[in-house]
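Both complexes below contain chain A, partnered by chain B and then by chain C.
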Partner chain A sequence: MRRMLIMTVTFAGGLYYFCKFLFPREWGLQDTLPTVTGVIIAISALAIGIGVINLWIHHLQVIVRRRAGWYNSAALLVAMVTMLVSVLLKFYYPDSGTFKAFFQFLFQQVYLALDKTTFSLLALYMASAAYRSFRVRSREATVMMVVSLMVMLGQMPMGQQLTRDLASTEPTWNVFWQSLKFEHLRAWIMDVWNVGAQRGIAFASMAGAVAFSLRLWFSLERGSFFEDKS
Partner chain B sequence: MNYLYVACMAVWSGVIVWRIVFAGDRELHIRKIAGLESIDEAVGRATEMGRPILFASPSGGMDLPGLSSLAVLSRVARMAARYGTRLIVTAMDYLMYTMAEEICKEAYIAEGKGDLFDPPRDLHFINAQFPYAIGTAGIIHREQVAATFMFGYFNAESLLISEAGNQVGAIQVAGTDAIMQVPFFVVSCDYTLIGEELYAAGAYLSQEKTMMGSLAGQDIVKASVIALLIVGVVVTTWCGVFGYERNPFVEWLVNR
Partner chain C sequence: MNIWMRLQRIDRRIIYSLLLAVMVAGFFIKGVGQMVSKNTEDVYRCVEQLAGDNGKPGAYEKIALLVFDGGGATVGENVPQMEGVVRHLMKRNVKVAFMAFDPQGKEISRDLGERIAAEFGKKYGEDWVHLGYFIATQVVYQTLVKDFYKVVKQDNQGTPIRDISMMKKMRNIHDVGFIFHVAGSAMIGYWLSFVKNEINAPITGGCTGVLNADYANVYNTGQLSGYLGGMAGAAEYEGLLGLMGRATRAMQVQNYGHLLIMLFIVIGNIGYFVTRRQEAKLRGGAAKKGSA
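Let's look at the complex of A and B:
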């Protein structure tokens, strides 16, 4: 019964969007879109509400039973209530500078600062990951390192300076030497080879997405949404 | 509406449906995908080491890559339940969290070990990008996970999570169709599924004939796209050499 219900709702939803895409605008399916979108938003809002309730139940249980890491749960609930109170105070007393400053302190000086700190870690991780991948351990790694070096040199003013004087008085040879400049090699690698590979991946992904969507629409996808047949 | 575009989509969809419906009993060969083959190896290694497995849900939420990642989660959860290995799941999208909980419950019950699964302990929900990344990285370090799985559409958090896994020496399997994140996964993970391989995961893992039929249909679609590309190259070259006005095919195409 449950499986049948999910299959029916899935198929009906898929059919609606398929027809909306395929049929002419004059047929009126476009006009029903706000209603359908409203239903989806309402379901999502219910899920958020249930999520907040579950969050409170779970973390209160952890605190009351003094389970491992209970202080993290307490910190979470305190932070949640503080942020909620600051937003409500700012909303109901828009003229109060104190409440506005309190909210801005929490959001800009605490939350955003932590967010940016985390983001800055990415630079460190990129360097460590790049170091690992550039180590010459195989033919593929060597090719990758050489190509990466060319791209980096082409990107940097210092690298561009290295090949600045490549030129010839003979026009044909001049074109050849110009093409060997790091900035031109970088552009060739990035705009031809790299874009070609990316478009290849995008085309194949599109085909995969169409096939996957159809499997979902017809409820053929196993092992994830319904009982595993295998 | 561009009728040519709609016609292409209709024909491609029709081809895939045709291959699904007439999948028949014929055995279809699918090339080995190392990333999916390694799931058993990763879970086995975690079991031997007595350390948990982590499945990081994608930040893209319940989009197509996110939905396809659930097929892998189902497999990982089944394997973890079978061997009694702890599975930790982190989610950034509330719908993904609910789906992940449901899938894990079903998988553990299917293996007759429903009591082993403890959502408050093993399921984590963090609804913002960098808190999600750093929270997941924290779990990886604290729990010293032995294997991590990252499937679906990721953004900048991909490297933050996968590098954390790399630091604790976890065996890492990732799959994404986010082109910008593929290089990050390639350098920090042991196995990476790229683009369409992610969408093929469900079919590959189940080996069911109808699903394999959809992959065969997908191959026909790809062949037709390649053919269209060749036609495009020939037409563009023709226009470059003889001029646009002398090409009746291009004229017909543009006028449609």
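Let's look at the complex of A and C:
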């Protein structure tokens, strides 16, 4: 029964978008799109709600049973409630400077700061990862490394300064020297090689997406019915 | 472990410490100018074009629609990009409407708008407005084109949109003369898929450094009229405005950080190369001994 229900709803959802794209606008399917989108947004909101409930159940169990790292779970729930309360207070008392300041403090000084910090740590990690992984182990790796260095040099002001004086009074040679400047090499790599590769990847991934969508639409994808995935 | 092996296995704490030191030093060392790339120049040109068209006698004044689609993780790059464009628009007296397609982006763009409007003495409602947060679905983009006011009913503070002075003149999306969308994702694609063919306004964007490659793709086809790529794009825009803003300073820091990373890559490879040769020599020697 559950299997049949999931299959029917999935197929109907896919069929709607398929028909909306194929049928003439006059048939009116296009006009129903805002309503269908509203339903999708409502389902997504429900999914978020279920996620929040699951999160609470899981972390409350961790706290109650004093499992390892229970204080992290406690911090998560306290942060969640505090942020929720600050948003509600700001929403219901829009004229209150205190509530606005409280929300601003949590958002700007705590939440955004933490978000920025987490992302900034990536810079450090990337520096270390680049040092470890960029080794000229093969021809392909060498090409990759040379190209990366050229793009980096073309991007940064100091790299651009290195080839700033490349020029010649002879017009033909001048064109040649100009093309060797790091910023021009970078532009060439980005606009020609990169764009070509990007489009190739896009075509291939779209073909894959069509195949994957068809499998999802017809409920052929493994795991569609919460069965054993092994 | 010999020196060449050591060069390949430098402790990550040393790398982190040096990177931090170099980044801090970058704030104090005077930097060099940034070359301006064509994609950045094109964004600048679009703003100038709009300001010029608005300034013509009897011209219908068009506004600029600025969309902030980034969050805390991307403010480092997206905010300087948006700041540069907003400063340029306000300096050239173009009216500005902000939108956010990210809940965090709503707060960030509102603060940014308030800050820069105060710098230029611009009044909320007359010179700039924040339209609030919208869920960026296909329908929103399509409805913006069909009936702008079906999507935008009130501003960020809940004021009915028709009561806002600068919006009274705006009839529909065709009165938007410039679109600039900053994001930490490839959401610009929605504008190109659903809006680009319906309006004449140039669609431009700002992206994080890692998305440069994706944006170059759509810029190359002419779908995107211009874009600011990462911090470098923001610094280039500041250069065009003659400003020494936060992007220019940050770019100097990035400059030294990148140099250090390159240095480590080169050091690691020297170590790897020499070790490989030494190993090959040893293998060659052992093979000779074996055959003898």
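Here is the rule we go by: the second predicted complex is superposed on the first by the 197 of 230 C-alpha atoms of A that agree within 3 Å, B and C clash if a C-alpha of one lies under 4 Å from a C-alpha of the other, contacts with A are read in each partner's own complex, and residues count from 1 in each chain.
In this section, contacts are C-beta pairs under 8 Å (C-beta built on N, C-alpha and C of every residue); 3 or more make two chains touch, one makes a residue touch a chain.
Keep in mind the model is a prediction, meaning the values are calculated, not measured.
Trainee: Following the superposition defined at the top, how do chain B and chain C come out on chain A, clash or fit?
Mentor: They fit side by side.
Trainee: When the two structures are overlaid on chain A, which partner does A:L112 contact: first (chain B), second (chain C), both, or neither?
Mentor: Only chain C is touched by A:L112; chain B is not.
Trainee: After the superposition on A, what does A:A211 contact: first (chain B), second (chain C), both or neither?
Mentor: In the superposition, A:A211 contacts chain B only.
Trainee: Looking at the overlay, does A:S128 come into contact with chain B only (first), chain C only (second), both, or neither?
Mentor: In the superposition, A:S128 touches chain B and chain C alike.
Trainee: Using the superposition on chain A described above, determine whether A:G51 touches chain B (first), chain C (second), both, or neither.
Mentor: first
Trainee: Contact-wise, after the overlay, does A:P24 reach chain B, chain C, both or neither (first, second, both, neither)?
Mentor: After superposition on chain A, A:P24 lies in contact with chain B alone.
Trainee: Which partner does A:E221 reach: the first (chain B), the second (chain C), both, or neither?
Mentor: first
Trainee: Given the touch rule stated above, what does A:L149 touch, chain B (first), chain C (second), both, or neither?
Mentor: A:L149 sits against chain C, while chain B stays out of touch.
Trainee: Looking at A:M190, would you say it contacts chain B, chain C, both, or neither? Reply first, second, both or neither.
Mentor: second
Trainee: Have a look at where A:V62 lands relative to chain B and chain C in the superposition and call it first, second, both or neither.
Mentor: first
Trainee: Give the angle at the C-alpha centre of chain A formed by the C-alpha centres of chain B and chain C in the superposed arrangement, rounded to the nearest 10 degrees.
Mentor: Seen from the centre of chain A, the opening angle is 140 degrees.
Trainee: Can you work out, in whole Å, how close the C-alpha atoms of chain B and chain C get once everything is superposed?
Mentor: Taking the overlay as described at the top, chain B lies 5 Å from chain C at its nearest C-alpha.
Trainee: Is there a shared patch on chain A that both chain B and chain C touch, and which residues make it up?
Mentor: Residues 114-115, 118-119, 126, 128, 130, 132, 198, 202, which sit in both footprints.
Trainee: Note which residues of chain C are touching chain A in the complex, please.
Mentor: 10, 12, 15-16, 19-20, 31-35, 37-38, 71-76, 104, 107-108, 111, 135, 137-139, 142-143, 212-214, 216-217, 220, 232, 235, 251-252, 254-262, 264-265, 267-269, 272-273
Trainee: If you look only at chain A, which of its residues touch chain B in the complex?
Mentor: 21-22, 24-25, 44, 47-48, 51, 55, 58, 61-62, 114-115, 118-119, 121-122, 125-126, 128-130, 132-133, 198, 201-205, 207-216, 218, 220-225, 227-230
Trainee: Can you list the residues on chain A that touch chain C in the complex?
Mentor: Touch list, chain A to chain C: 33-34, 37, 40-41, 107-108, 111-116, 118-120, 123-124, 126-128, 130-132, 134-137, 145, 149, 152-153, 155-161, 183, 187, 190-191, 194-195, 198-199, 202.
Trainee: Would you tell me which residues of chain B are touching chain A in their complex?
Mentor: Those residues of chain B that touch chain A are 1, 6, 9-10, 12-13, 16-17, 20, 64, 67-68, 70-71, 73-75, 78, 94-95, 97-98, 103, 106, 110, 120, 125, 128, 130-131, 133-134, 156, 159-160, 163, 166, 177, 179, 182, 184, 186-188, 194-200, 202-203, 205-208, 210-211, 214-215, 217-218, 221-222, 225.
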